[in-house]
Structures are given as C-alpha cells and as structure tokens.
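One chain, chain A, links the two complexes that follow: it is found with chain B in the first and with chain C in the second.
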Partner chain A sequence: MIEITITEEQRDCLQELINVAMGRASDKLARYLETFVHLQVPHIELVSSSELPQAFAETYGDDSVTLLSQGFYGQDGITGETLLIYRADHTKNIANILGYEPDEVSEMEQLTDISSILTTTFLNGLAEQIDNQIAYSAPRVISSSETSIEKHLQDLSFNWELALKVAISYQVTDYEFNCDMVLLIPGVAIENIQQVLDQILEEY
Partner chain B sequence: MTLSVLICDDSALARKQVKKSFPENWNVDVRLASNGLEAINMMREKIADVLFLDLTMPELDGISVLELLKLKKLANYVIVISADIQPEMQKRVTELGALAFIQKPVNSEKLSQILEEYGLL
Partner chain C sequence: MHSLVVESLNTGVILVDADYNLVYFNHFMQSHPALKSPDILGKNLFSVFPELPKSWMTRKLQSVVMLDSPAFSSWEQRQYLFKMQHTRPITTSNEFMAQNISMLPIKSDKTKNEVDHICITVEDATDVCFYQEKLKLTLAELERSNRTDGLTQIANRRYWEERFNTAFLSAVRYNEELSLILFDLDKFKIINDKFGHQAGDKVLIESAALIQSMLRQHDVFGRYGGEEFAILLPNTGLRGAYELAERIRVAFENQIVEYKSFNIAATLSLGVVSYHSGIRNYDDMLTRADMALYESKRSGRNKTTVYQAS
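After this line comes the complex of A and B, so read on.
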C-alpha cells in the first residue's frame, strides 16, 4: 500500500480550483437547460480502489443509474477519470426540461449531450487554472440495467490502489434532475497534482 | 480614515487571493471569516464597512448571508466574489442588495474598478 497523505492546505487549494471549474460547468448547463443549477461544496477524499465499488453501492443502493465514464490526460502526468452518474427516475425529466416531444431524441443522446457540456467545461476550467492542457477519451456509457457498475469500477481501478476522489453535485431543483460528477485522480497522478497545488500555494 | 473590510470565504486560498487582489496602498483593516455564520456574527458587531462575500459555503451560504443582512438592515457595502456565475445567481445577489458581482478567480483590475466606482478607494 502506498502511503499518500494530502495536507489541509492542498485540499483547500484543490477545492477552490474545483469550485471555479464546477461553477463554469454549472453555468453552461444552466444556459443549456434554461434553468437554475444548485451547487454545493464539493467533497474531496482519498479512496482505495477496494472501497470504491462499495462506496458507490452505498450511495445509489438499488437505484437504476446510468454512468458515463471518460478518461482525461493532461501534461505533467495529470490524468484521471470523470464519472457522471444519473439516476434513471431523473433522466425521464430531461426531455421535459429541454422541451422535447417523447421519442424525439433518445434519453441516451440527451445524457451524452449534457455530460459532454459538463465534462469539457469542467476539465477546461480546471486545466486553465493550472496552466495545463487536457485531452479526453471518448465517453463510455454504462447502464446499471445492462452491465454491472461494480465491474466497471473494478476495471477502472485495476491499475491503482489509491485515488483522490472529488464528488460534485449539480442539482436542477426546478425539475428534480441531479447529476453527480465524480473525479478520480489515481495513483502517481495524486503526487503530480500535489506538486501543482504546492506551486499555487507558494504564490500566496 | 481606515476602512475595515471582511473577507468571507470557506477557502483559505480564496481569502488570500482576494486580499492579494486589493489595490496597492489601499488603507484597510482586513478581517477574515470562513463561513456565513461567522460573517453574520461579525457584521452584527458592525466591524466591517465592506464585505467580500463568497456564495457556495458550508454552515450558511452567501445567499442566506445576504438575506439576513437585508433583513437586519446590516448591509453596508457587499461585493460578491463567487465561482457560481450563473446569470440567475448574479441577478439574485444584486436583488438582495449586493453592489457588484465578481467572478472567481478574482481579477484585481475589476475589483479596483468597482471600489473606485463606489468611492471606496
């Protein structure tokens, strides 16, 4: 087991970078959906790969969810994965929000559009603040009704023991639609991001 | 006369960023609060002429702070500095009596411009 600890200053610094990135993402989403997006303070913690599926199961229980998983690759070894999680009973509301007729645009297409807006705006916002450039892979869609989310999380954490996990919630309260974003920065990338955070902290 | 200002943000880094963006030679007394509740208690004691307020915070968020300040008629000069840049949020804070909205990360020129506009320099 690798020993990694994150200091209070580093956590605070990362949280502020995340705040700005998620603020931009929620602004884009709010404009796209023409509604207000409620934000909460993001939650940051270190998680081990073994506890990841368990933590996921505890949050979502037996609820049917759709997950969009997308890898990202920045300079200086800043890499990781973004997960966007939608509850099935909420996805029904998106067509309503967007004013689509039933069957006009598939639910999956709507989720993909929303995910793309959130992920790209968020990652670009983060990259800009740390003077980095981030590329991303194509998103993979995993629906809990077809595939096991647990299996995907196990595959995802195959190469690492520990990850920095950032949990963000975008809540469209007017329509009962939530999107949870989980950012995973695993293994050696934790130390790389710590270096970036330390550099920022030195400036202040 | 020395102005007293209060910076309210749950992030230590953000508080430092705001302080660092103040104009050079701005003669102020700076106090800090790390959540809305602390800020309200300090504002009650009328210790600050200008409040720099974050919105997304634990305990008591910035919107609640603005509502309370308005209710208790404690609002002096409030400048919101937030990452939540949705147009509706900017409208809400202005309606609640904030003088201005500055998006994070704070830009020192923009801040100076606002301070000058309201004769706070």
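After this line comes the complex of A and C, so read on.
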C-alpha cells in the first residue's frame, strides 16, 4: 500500500487551478457551441480502486447510463483517464448542441464527440496553467445503457490502489443536457501532480 | 530527417490549412486513388475526397481550430472517412480500410498563439474491426445455441422458462391475456422400443417442425422434457388457446413420420390453461396445465383438456 495524502495547501492549489481551467473551458465552449455551458464546482478526493465500483453504484444506481473513457498523457508523468457518464434521459439534444444535421450522426458518435470536446477543453485549460502539453487517446464507449456501470467496473482488475478523483458536472440548460465527468489520476501520477502543485506553491 | 520519418510511417498523414486546403500528404496516403492525379496540393479537402461526410467533418475541424484541441473518428462509429484499400484483402472480408482518425491542431507560427493548420492522421484498424465483428457473431451464435434444444432446434427448457416467467409477470402487471399449452406424445416409449431411438428422435424432430409452423411469431415453443413440450401464447385467451391446441392435435394425428420402411403415426395429449387472477404465480399456472394434460391422458389420450377451476 502506497502512503499518499494530499495536504490542505495542495488541495486548495489544485482547486484553484481547476476553477480557472473550468472558466476557460466554459468560455471556449460557449464560443464553439454558441450556448452557455455550466460547470458545477468540482469535488476533489482520493479514492481507492476497491471503493470505485461501489461509489459509482451509489451515484447512478439503476439508472440507465452510458460510460465513456478518454485517456490522456502529459509531460512530467501526468497521466490518467476521464470518465464521462451520461444518463439516457439527458442526452436527447446532443446533436443540436454540437450543430449537427438531424440523423447525420449516430447516438454513440454524438456521445464520443461531445465527450472529447468536454475532456480536451477542460484539460487543455489545466495544462496551460502548469506549462504542460497533453495528448489524448480517442474516446471509447466503455459500457452502454444495457449493462450496469458497477458490474463493468467490478470486472476490471485495477493495477493501481489510489487515484486522485475530480468530479465535475456539466449542464447545458438551453438543451436540457447534463453529464458528469470524473477525472482519475491513478498511482504514481498522483505524486507527479503533487510535485507540480508544490512547485507552484513555492513560487507563490 | 523528420520528413523522412513521416514519409515512411505506416499511418496516413495529411496536412490542411485553416481553409481545409491540402498542404501535404505522406506516402501512405498515396494509395488513395484521389491523390494520384497531379496538382492536387492546394485543392480543398472536400473536393479532393468527395466521400468525406462534409457537414459533420467541417464541424469537427472547426472544433480543432476554435478549441485548440484534437478531434477523433473511430471505426466503431464510422468505418472509414477516406475510402481506401487495405493490406489484408485476402484474409479479411472488409472491402475498405477501417480507420481510426485523429485531427490535431497545429500552430506553425510560434509568435502567434493560433491554430493555422490541422494534421489528420489515418490509422488502419482493419484487423481490429475484422476480429471484433467475428467476436460479435460468435457471441450471438453462442447465445443462440445456449437457448436452443439440440435435437429439435426449438427453445430448451431453461430458456422457455425464462420467457414464461417474463411473460407471466407482464400478464400480471398489465392485466394481459396469457395462455399455456402443455403436451406430451402418447406412448412414446412404445415408438422407441418398436422402431429404435433414432426413429423416436425423427418423430420428435418432425413433430417440432410441424407444430412450429403452426405458431405465430410471438409464441414461444419449447421442449420441456423428453417427449413433453410447452407453448407459451402471449395475448391469447382460453378460447384461442383451445382452438390452437385442437388444430395441433388433429394435424398431429394426420402426420405420418417415415423412418426407413416404417410409417409411424402418433398422437398427442394436451392440457390448456389461461391466466386469471386466481393464479398466484408461474408454478401455479404450470401445475394447472399439467393437471389438464394428465386428465387428457387419463381419459383415453389424443385429447385436449382445458383446466377448469373447481
């Protein structure tokens, strides 16, 4: 078991970086999508891999949800995955939000497209502030509404024990859209991000 | 040196400017027929490749420039964007290359913080696509065989019971009609003893085929035991179920199964029950059908009995 704890200062610093990243993302998204995207105050915590399936089960229960993942890797060993979770009844208007022609794009592609846009705008905003450059893998549909998200996560054997978890909710009220984004930075990458935070705190 | 590397990549690389005009493409992309003609550089991406889904892809390219972030297209959602041959035409069945595509923002002028080019990479995912499709087919086949009776090719008992359970719950919840026919081949043991087990099997196979041809699409026909069968009739009342049972009985009586030089005739005994509020559960309903079937046997066979609440 690796002993990792996050200090109060580190958490506040990360919170501040995330707030700024959210502001920048919201700004860019508004220009591209021509509608206002609300990002709700994030929740930051350390989670253990054994708790993760249960945590998802508690949040989403029996709801019909689709889970997507997009991996990212930056410099200084800052890597992780973002999970995007969509409830079936809040995703009817994605094609309209994205400005697609009706029936031009399948439902799954609408989800992968919007996931990618939300993930990359937010993380780019974070990367800019810590002078980092992030590359992304393509978003993938991990589980669709027919299989339970908890079951799917339980089937995975994680090769990490702890992860830094940042949960953000997105809302586009004009289109009755909302979704959750869970950023997970696992294992050694937590220490790498802590070093970055400590450096910022020192300079500040 | 860098350009040599890009040329020799096993990945397609295309560079367009902010107006989507072609600036560069690497060797891999030259297998695309559209890039064979001369003077192609400087032309618009969508006129060079008319197969591209223009309005969707324009929106994606806009996002690359405006958000300064990559966009993707996966073969799982769209098999390909660029219509190209692939390198495994012999050992896979895909006609065109399955592609994973990335569209990446490029800032060529370091002094300005502006995306002025887009790099499009094209990866051949034909292998993955082919095996994924094969896996899907195999899983579907596995699921089918898991619920089919090997001999008669109708539903096996486990699957039939699963369907009955679902239908029963739905009948209770929505107050729908639901009927059940349970039946048994009369004196099947004698057929086996007299003509052999292979003859018996042939009677079962042909009988199942005959009865299946008389059913509607939503009826679920299953082999319940050795020579015992069950039919689940959703949205069917007692009268309809009884009429069907009688038609099956008469058709069966007139059926001759040929085996070697033998002509084998057989009859059925049937029990019919319909769902009503007195029936508490699924087992309850099955037991009543069984009692009606037993009554048909007891009173001389080749008969249909309807369960009557006493």
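The rule is simple: the second predicted complex is superposed on the first by the 178 of 204 C-alpha atoms of A that agree within 3 Å, B and C clash if a C-alpha of one lies under 4 Å from a C-alpha of the other, contacts with A are read in each partner's own complex, and residues count from 1 in each chain.
Heads up, the rule we're going with is that a residue touches a chain if its C-beta (ideal position, glycine included) is under 8 Å from a C-beta of that chain, and two chains touch if they have at least 3 such contacts.
Here the structure is a predicted model, which means the values were calculated and not measured.
When the two complexes are overlaid on their common chain A, residue A:E101 makes contact with chain C while staying clear of chain B. When both complexes are overlaid on chain A, the residue A:A55 reaches neither chain B nor chain C. Contacts of A:S116 after superposition: chain C is touched, whereas chain B is not reached. Judged by the touch definition given at the top, the superposed model places A:E16 against chain B, while chain C stays out of reach. In the superposed model, A:I4 makes contact with neither chain B nor chain C. In the superposed pair of complexes, A:A88 makes contact with neither chain B nor chain C.
In the superposition on chain A, A:L46 contacts neither chain B nor chain C.
When the two complexes are superposed on chain A, the residues of chain A that touch both chain B and chain C are 31.
Contacts from chain C toward chain A in the complex involve residues 53, 55-56, 59-60, 62-63, 66-72, 74, 76-78, 100, 102.
On chain A, the positions that touch chain B within their shared complex are 9, 12-13, 15-16, 19-20, 22-24, 26-27, 30-31, 36-37, 39-41, 129, 200-201, 204. On chain A, the positions that touch chain C within their shared complex are 28-29, 31-32, 98-101, 104-106, 108-109, 112-113, 116-117, 120-121, 124, 135-136, 138-141. Listing the residues of chain B that touch chain A in their complex gives 10-14, 16-17, 20, 56-58, 82-89, 103-105.
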